[in-house]
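Same chain, two partners: chain A is paired with chain B first, then with chain C.
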Partner chain A sequence: MISEMKKFIISKNELKKILAGIVAENIKLIAPVSRDNAFFLEEVSDAEKIAWDYSNVVKPVKEHIFPMREVLLDFGRGTDPPALDEPEARSSGKEKNPAGNMPPVKEQVIFGLRPCDARSLLVLDKPFLQEKYVDSYYKERREKTTLIAMACLNPEKTCLCSSFENGGPFSSAGSDVLCVQTGQDEFLVEILSEKGEKIFKNPSFAQPSGEVLKKLENLKADSEAKICKALKVPENLRELFEAGTWETESLSCIACGICRYLSATCYCFNITDEFEQRLRYWIPCSFKNYTKMTSGEISREKKSARFKHWYFHKFSYHKDNFGEYLCVGCGRCIKYCPVKIDFTEVLGKIGNSKQEQ
Partner chain B sequence: MQNIYLPELAKIEKITEETPDIKTFDISFADAGAREKFTYLPGQFIMMSVFGFGEAPFGLASTPDRKGYFQCSIKKMGKVTSEIHRLDAGNIVGIRGPYGNGFPVKEIEGQRLLFIAGGIGLAPLRSLIYYCFERRKKFPDITILYGARTVKDLVYKPELKKWQEDKSIKTVLTVDPGGEDKNWTGKIGLVPKILAEMNPFAENTAVVLCGPPIMIKFTFIELLRMGFREKQVITTLERTMQCGVGKCGHCSIDKYYVCKDGPVFNYEQIKTFLEEI
Partner chain C sequence: MKELIDKAKELLKEKKVETVIGYREIRGCVVPAYVDSPCDADCLIFDKRCVYNLANYLKWFKNKNVALVLKGCDAKSINVWLQEFQIKRENIFIIGVECYGVMNEKSADAGLSDKCGHCEAHVPNIYDAVIKHQGDKKESVQGEPFKDIQEFEKLPHDERWDFWKKQFEKCIKCYACREICPMCYCKECIVERNIPQWIMSSPSVKGNFEWNMVRAFHLAGRCVECGECERACPVNIPLMKLNKKLIKEMKELFDYSAGQKEDVKSAIDDFYPEKDIKIDDKMIR
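Here is the complex of A and B:
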């Protein structure tokens, strides 16, 4: 536990110096960078390369904990027995190397992620960490990651983080540190965990004045007022499973999977062997092969069934299993959908549709 | 901490050809500690790896009372199963598990048991059947109805013969019309039809049903017609799986994951699923 809640004021240069210090300590620094007219959270070796003027990054933060493609196991092919460690050697080494064949994970600091993305990791922690089977690959990266979030002053038209409990453009949920730009050259920094405390260890930063705290409240209210989307999940969603609206709403969907790939919280994956490696990679549930069995039978063959499954997983099944929606309202699925499907509108239409027997 | 994706190495001890496309593999862990530790319930499954080719789920076909090794009966179907069929005794595979809930062995204690299987669907039931054979006081009344397309497609033939000779149980075998050969003494007809002829008691009977989807569908209809209630009929569901531990998402049906909440469900539960099985 941190000794007490800590808030202080810091200039942009001081903040940059701290970030440069992270790189100097040989800790991986991931921060927003501008590339191809868009912003991405990527590893930076020079704090000067960090972008400051972004609304949100294209890809959510999940890939830095649960990579799009990772090697789960390494083994030689065609050798007999396979060149996986001998069982004796493996069992003796188990305690030392918790992730088995996982390559050593470097400590990393992710700077500049938005509160929605920080909160997405709290959501993902539940299926990956709080179940009977703990995912050691996720756990290892998660434990070695510190999150320094940047509050949103200008949410986009597609944003709806404030529809969620603990969500909002200034939410600190999931962050180790929350920064708010309170002036041209002024940031209010709030330390929220021990991990965060380790990064901002200089005690000489100025305490925020009452004026700054007042400014913070105004900025927060302004930002929240800019969020124009809201989530309304029909209370009787389960009863609307057979509604014909699902079919009509799914007509324009091209099942490309962008909404799944760019979702801050979608976490379905495949495991496949490629030569001497066993890989894990993301797979969207909109793909037909997602439910294809060896027999050739496909459980969700119809596009509308695959379309609908995403809604039910996020807003019904996951809530039943983990007590919250599998969504943080980052709005990427709306912003990047090539056919302009807006899930909040779909849920609205479903809510208005008649239950069909 | 344990890596849930890391398989334990195991050796194929013996291979039995059951049918032209089904083999039974006797497998034991290379590590004595792992061998000792491995226990399971009938109805549970393992994930088997052929390194370099992939991993797939297989039901345990052996009885947990037999220590030291376990058995899986595998039909040659896709990439991984084709590779498994290419293996010889002595080859190494990777094993994770056991996973899944298994059959409700405590709940069905004291009830009449009616096992209905089609094709390779007998494999997971065989685990439970032997479990019950070992505990006849708790499972005094056992009936087995087993069908396959042709005589050649019947699995565990030497065991089927023993079961038929055992007067303390009732074993009925059937093949689809046209699937018989000249020595065939069993029934001819689809499983639901033979079931109707048998007209089993519904009262205090637990039905354990496993087979191809079409057979399950019509057998279940027949059971309801004969007065069985949904709760009495237990089955195992099949879905594609990648992880086996409730994370990858592939085997989801309604809010359940077949790998960790199943694969065994009764029809009263299945009835509440939004999606059809």
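Here is the complex of A and C:
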């Protein structure tokens, strides 16, 4: 049960103190930090290092629940991957974890993620936590994670979160706590779950005045008005599989992995053995070897086929299987595409194309 | 612009090429354009937002007749392709554009890209037609082109190591730097081979080091300094620092710069240890 007092006002310093308290309790704190003109969600040990003036982080929050590289099994000797300056694990002879004993997953609090990212975990829960096939690695991290989201006052021109049900720059869906910066030194904090309540247990925070709540409404409206992109999936997408437009739209695509890796919701992975470990790591369907089979056959060899697959997975197959699009509108695929492909525009053109026989 | 459009129209009308690959503007940004018919050629543009090295698209147009709109730095990659017998000269028509700089997309003030500061190919060194620059011609900033590299070399080993460790730790192995590079055209990249596995495919700091080293080394004497890899990198790894280091080494050791001429042997093809290696203390560090 969440207590009565769900919304309160807090100063930046108080907020920082709470975050520092998380670190002091030996809980992993993950927050936005600035690195080489970009922002990343990384573990921080000092609340002073947290960045506050970011629009969104480069890598979506999924990397902290479904890591880019994850050890699934450790055979026999249980060595960590060889350190950088070690020539090879075998020769180092260092036993790091006893056989089969995986390092424990720590409790973690993720602060400052954006509402789209918080929502992306609700979307990912469906494939990873299906009734029949529960991914235990995902599940453990997910359960041990608390999300403190920060509403967006200045969405970017690539953002399109408001195209989704529950979405928007002030959406609280998926978060345990939602913060909104309502003034220079004033944050409105809303507790949304028991997990969130555990973090803000101090009862002495001030209740928001009517004035603050009014400000909140204005900020929200301002922010929503800044979102200029919208998602429109052609209703007959399935019938447009053979449309020649896919070919022409994919011409400028270079088939890198950016739009898949940085998508808040793409979740394909590869499993291979390296040294004495079985690893799971991200792999994008844009790579040729993604569909490479033992026989050497590659079923989506053509660039346009790989290009198209992304659209069909996100806006057709996933919808059939899980009832929603595999997209939350974070806009990263548009923002970071090296050749500036905009998927909303591609969908528009596909919708206008005639089905080819 | 008219000159460019007219040229494209002429080539398409006379069926000299099937496609013209150039630049066009949509929703306020410039993107690669594929023009197949003379009536579509009006969209073609050229200005300082035309950052892409369109020679890269030859990967997908290898045996077709195409025309490419290329800046001086981009055109150098055609020379490398020719030196490495990847394309037939008669298959491509190069519409060279005289260029005095493109913007640096990574900097907020939209200043010019670093590579433009010491460009020696404002007019491409290989072309079939050249489009003259309109407006004022800003000549390159003179000075030492490798200043930043020289400064970096002076740092102690540990500091350099830490610098790259922090950089490569960010790498997500999206291979955008590879896919956008006209010089990276291997059918199967060594990083993706896992039988046998030479390089870790997974994104660990060690694997990332291996990957970035392999990429840089495979471009020694081949990188034409178009800067596309660094521009494409979503996590802002300063890849040009690595490339420039190798460009500098190639220049100093072999007096070779990539992409200058189509009819000379490439550095790797013209390597005779007896004559070329000047062993000095510098090489044995």
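We take it that the second predicted complex is superposed on the first by the 326 of 357 C-alpha atoms of A that agree within 3 Å, B and C clash if a C-alpha of one lies under 4 Å from a C-alpha of the other, contacts with A are read in each partner's own complex, and residues count from 1 in each chain.
Heads up, the rule we're going with is that a contact is a pair of C-beta atoms (placed from the backbone, for glycine too) under 8 Å apart; a residue touches a chain by one contact, two chains touch by 3 or more.
Just so it is clear, the structure is predicted and the values come from calculations on it, not from any experiment.
If you count the residues of chain A touched by chain B and by chain C, you find the higher number for B.
By the touch criterion defined above, A:272 reaches both chain B and chain C.
Contacts of A:340 after superposition on the shared chain: chain C is touched, whereas chain B is not. Using the contact criterion defined above for the overlaid structures, shared-chain residue A:36 touches chain C, although it does not reach chain B.
By the touch criterion stated above, A:295 is placed in contact with chain B alone, chain C being left untouched.
Shared-chain residue A:351: touches no atom of chain B or chain C.
In the superposition on chain A, contact of A:21 is made with neither chain B nor chain C.
Residues 81-82, 84, 270, 272 of chain A lie in contact with chain B in one complex and with chain C in the other.
Interface residues of chain A, counted against chain B in their complex, comprise 72-73, 75, 77-78, 80-82, 84, 87-88, 90-91, 94, 98-102, 127-128, 131-137, 139, 238, 241, 267-273, 275-276, 278, 280, 285, 290-295, 297, 299-300, 305, 309, 312-313, 316-318, 320-321. Those residues of chain A that touch chain C in the complex are listed here as 35-38, 40, 58-59, 68-69, 81-84, 248, 251-252, 254-258, 261-262, 270, 272, 274, 279, 281-282, 284, 287, 289, 303, 336, 338-342, 345.
Partner chain A is touched in their complex by these residues of chain B: 1-9, 29-31, 33-34, 49, 51-56, 77-78, 80-81, 91-92, 94, 213, 238-240, 242-243, 245-250, 252-255, 260, 274-275. Put simply, chain C touches chain A in their complex at residues 26-27, 29-32, 34, 52, 56-57, 60, 106, 165-167, 170, 172-176, 178-180, 188, 192, 194, 197, 200-206, 209, 228, 231-232, 234-238.
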